[in-house]
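Both complexes shown next keep chain A, but they swap its partner, so chain B is in the first and chain C is in the second.
Moving on to the complex of A and B:
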């Protein structure tokens, strides 16, 4: 088969996927970016919508740094990433390493993974129960140390943190499973050689396990980051972004602009900002893996 | 064989031609159990089948705009917020009902919220009154408590209740999307600012940081800061806890009469001095994209007319918006509710009437006020930002 003919075949088989991609991904993304520069009457307004959104207290509320929550949806998303991402990676890696080769380890991993299998709407309801004053496991545990029970999700200072810690429980299963699979791919010879050279468990972990799991870490970090930036369902079900916007996040604010204020232009601005953030963070991560492979 | 085949073809054709109307409403559980008999009665009288689907107004808000743009509708008769019906009626997505609904047949002002530019885009079904604080008569008599007749007596009652060892707090606070807290707040505003304040806030004639609004909110915040209101708890759970004796009072609408084990044990009182109570009607409309416009109009006219509303009020928890329904059709406890609203102004629901981003913000800020009453100024400022302004 000639090269030219082969290209034709390739194009033929790619066409359905390309059409789907164009209709369902490229067009909506382009259209969203386009309407973010227009007002509700269809008049071009340049960056006016961006300035309006980025200076609104729903997105960034600097006075919150002296007063307390809310700090604005964008800041809340950053806090979410700052706490949730390292916790998920550290917990996932630790559990995968600790449970490797342990009898019954796969059962424990399956239990941890249940949070991932559960629809996030149900996860949100579960978080509500977990942090509830009367029913919650969190209060039952803290009560052992003399803490007074309260419904953590209804107070501005603890609502966002409750959601973040609840979501760690829901998402850790993902990193556990990926790291467990990654650990199986590391040849045993490496560990045996390190042992012969007198390396202890910590040195083996930091010099062999962690470097060889870097591609897995990049996948876990990228996927987790994407999940954190688009987080919506858990927040919507548990606190609806409250109280007083104390647990609001960008995706929820986008929803409020679109379906409460019926202002699709402002909603498009939030969508574009979220997309840019995602690209900004995920591209360097993917590049670093590609460079390693080279 | 040919006979059988003909019968089969006719049967299939008849099934295809049979009209089944879809009604979409917010009621589930016991509330739905009391609505379904109304639809069944319509089917019995007309032979038109009706299917009921549950959608909260908040969820419909996400679905309907997109469906309307694609000239579709998920139902033939849809219960929705009045401000939505008015807005989308003006945009041409809703069938006008002036030819099947006579506004003279309804309580004064009942259809104002769904009228725009002289056209009627929806109709009022039955309504619910939000009369005040509910209590169990047995609880009050057991503890020698009396219904307060002045603000001072009300505060004294709350103080007495707060000192009772087995109560979580004197008043249960319903949580959820936010409407239980906004109902209490509206009651305080109407009591201390007068019934006209509600209209002024809806029209944007008055600012939220004005003295008159602040006065009502400060009264409320002072009670919250003294611990008279409990921690916000999911409203149906709070209802169970209140009924079980964890709280003494619960501010709710009249639908509560259909949600407790013994409605005869219910008593209710408004804030002393209240001259207005919120009367929230349930509004329905027929979307332009229904397959059966004539049948849908027939259904909405029947539901919102005397026949439909009579069946509904007899189930309990509802108050008619159409004139001429005999009080004998109401269960005894609902007649008590009817007594409360005698001589006071029936007010529209503030946040339902304004709707949109204001409503979401109002609900959310009240959740903050309930746990941080010291942040009243912040709450007022944020609400003011989203409030209508003339």
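Moving on to the complex of A and C:
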């Protein structure tokens, strides 16, 4: 479909974007990587900043595993992924299937999606509110089972987990919407054929729905992982990473190093580590684009 | 069979309830005076709704949302229109022309989609500092424009590959050049896709917190999202005030979503599913 002619026109269409990207995105990325190898006087120090950061208690604190939170920002991010990603996929897929056959399903979908629409800084306020001692619905609910009411986000043991479960509430709408769109693309005949062959609902779900939705699952997982790795606003506004670093995450730690401690070199290291993770995660995305362009 | 259906419906609406209760809670907390909230906002023994909290958030002495709303609009409108224009052109360019390194450039654009904002924060701060653009909306608008380019380019390029080139070829035979063709033929066809991109980009710029946090510092220049954290006290949270602030800040993107739902969802799904 593409044309060969008129590469001056190609320049007209593409150069503004490429120049802006080069100045405000590509150059800064390179510069961040660069300063991560230097000390504050501009002397090249190799990987020294990296070893300094990776052995600091803010990033990885293995003694936390016997003592309790904090476990370090990097470990917290990993815990975030380990809890949030499976819940997002399972909830998204099962809700999409459930809501397809329910009266008013699209209204429920819109309601669940509201969490995705609000600014994440407000998402944080909502999480604080849900887990608040006096006003929070979480306590009202747990109170039915005899639990003592408390503000879950202010205690080291429960701060991070509260934020993670709160973020499930915020983000589930995304996977529901994507899986719903995916379900629309599965031809009805498949289900009818399965029915004729005597397959029950569970078998249909595992043998038809899940395999055919695999491309969607890849997209949902990629986008969700990127979101989890970049978590910042929610933590900043609810706990600011506290108490005592118990809910700290990498993106926030980068901000603290750079704009509170004014240690740009260490902050750059955190940024680079975070970026490496996101690049790793985006491999399927890049791959699909590459194959698409062939 | 019927029982199963009813059970599924009840279950689904229970889920909806779980999702909507926090919104109701925030709303009730805003509307009611503090002494009515002590036993929970769900307790309606006495009920005296008031709009006082909205007024105090709107005219807050140190973090008035009135000013924040204006500031955020000043940033979000150009921060939406500029990248929309530039990235629509770029998306068209990627979909229609063959040139050396095209694939590499496009993959580069896709990779930048994944980057955390933290990766560019320090050099951007230094760059803006040397350009005297710290605490200036111009710097923030430029940054938002650049940051929005990758995903809009990706999204528009995917849209353009679905548009047949026949109309363009016909116009070319009639002697129109590519720039005229783009503005006269392509843009009108692309309006729905541009609408989707517009709704999402505006929402994201409006919702942004981090980029504003590193560039905007003067109290009267703070954007609306930056004012929310300032409203919670250190030891005692004034939930009435904070809830009112939350509602005011989220009402804008929620309205956009409700009014442009079709475009919004299309943007979300299309952007994610190539």
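Just so it is clear, the second predicted complex is superposed on the first by the 270 of 294 C-alpha atoms of A that agree within 3 Å, B and C clash if a C-alpha of one lies under 4 Å from a C-alpha of the other, contacts with A are read in each partner's own complex, and residues count from 1 in each chain.
As a convention for this text, contacts are C-beta pairs under 8 Å (C-beta built on N, C-alpha and C of every residue); 3 or more make two chains touch, one makes a residue touch a chain.
Being a predicted model, the structure only gives us computed values, none of them experimental.
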| item | value |
| --- | --- |
| Fit or clash between chain C and chain B when superposed on chain A | clash |
| Which superposed partner A:52 touches (first chain B, second chain C, both, neither) | neither |
| Touching partner for A:100 - first (chain B), second (chain C), both, neither | neither |
| First, second, both or neither for A:118, with chain B first and chain C second | second |
| Contacts of A:137 with chain B and chain C, given as first, second, both or neither | second |
| Contacts of A:108 with chain B and chain C, given as first, second, both or neither | second |
| First (chain B), second (chain C), both or neither touched by A:246 | first |
| In the superposition, chain B vs chain C on chain A residues touched | C |
| First (chain B), second (chain C), both or neither touched by A:259 | both |
| Identified clashing stretch of chain B versus chain C [168-176, 222-230, 240-248 or 348-356] | 168-176 |
| Where chain A meets both chain C and chain B, residue numbers | 128, 255, 259 |
| Residue ranges of chain B in contact with chain A within the complex | 61-62, 65, 175, 177-178, 231-234, 356-357, 359-360, 363-365, 367-372, 375, 378-379, 382, 385 |
| List of chain C residues in touch with chain A within their complex | 8-9, 11-13, 15-16, 18-23, 25-26, 29, 37-38, 40-42, 86-87, 89-90, 92-99, 103, 105-125, 127, 142-143, 145-147, 149-150, 153, 161, 165, 177-179, 182, 203, 206-210, 213-214, 225, 228-229, 232, 237, 239, 242-243, 245-246, 249-250, 253-254, 257-258, 261, 264-265, 268-269, 272-274 |
| Of chain A, residues touching chain B in the complex | 57, 67, 128, 133, 150-151, 154-156, 240-246, 255-257, 259-263 |
| Chain A to chain C touching residues, read off their complex | 1-4, 6-7, 9-10, 12-14, 16-18, 20-21, 23-29, 31-32, 35, 95, 98-99, 101-105, 107-108, 110-115, 117-122, 125-126, 128-130, 132, 134-135, 137, 140, 169, 174, 177-178, 181-182, 215-216, 219-220, 223, 226, 229-230, 232-233, 236-237, 250-251, 254-255, 258-259, 264, 267-268, 270-272, 274-275, 278-279, 281-282, 285-286, 288-290, 292-293 |
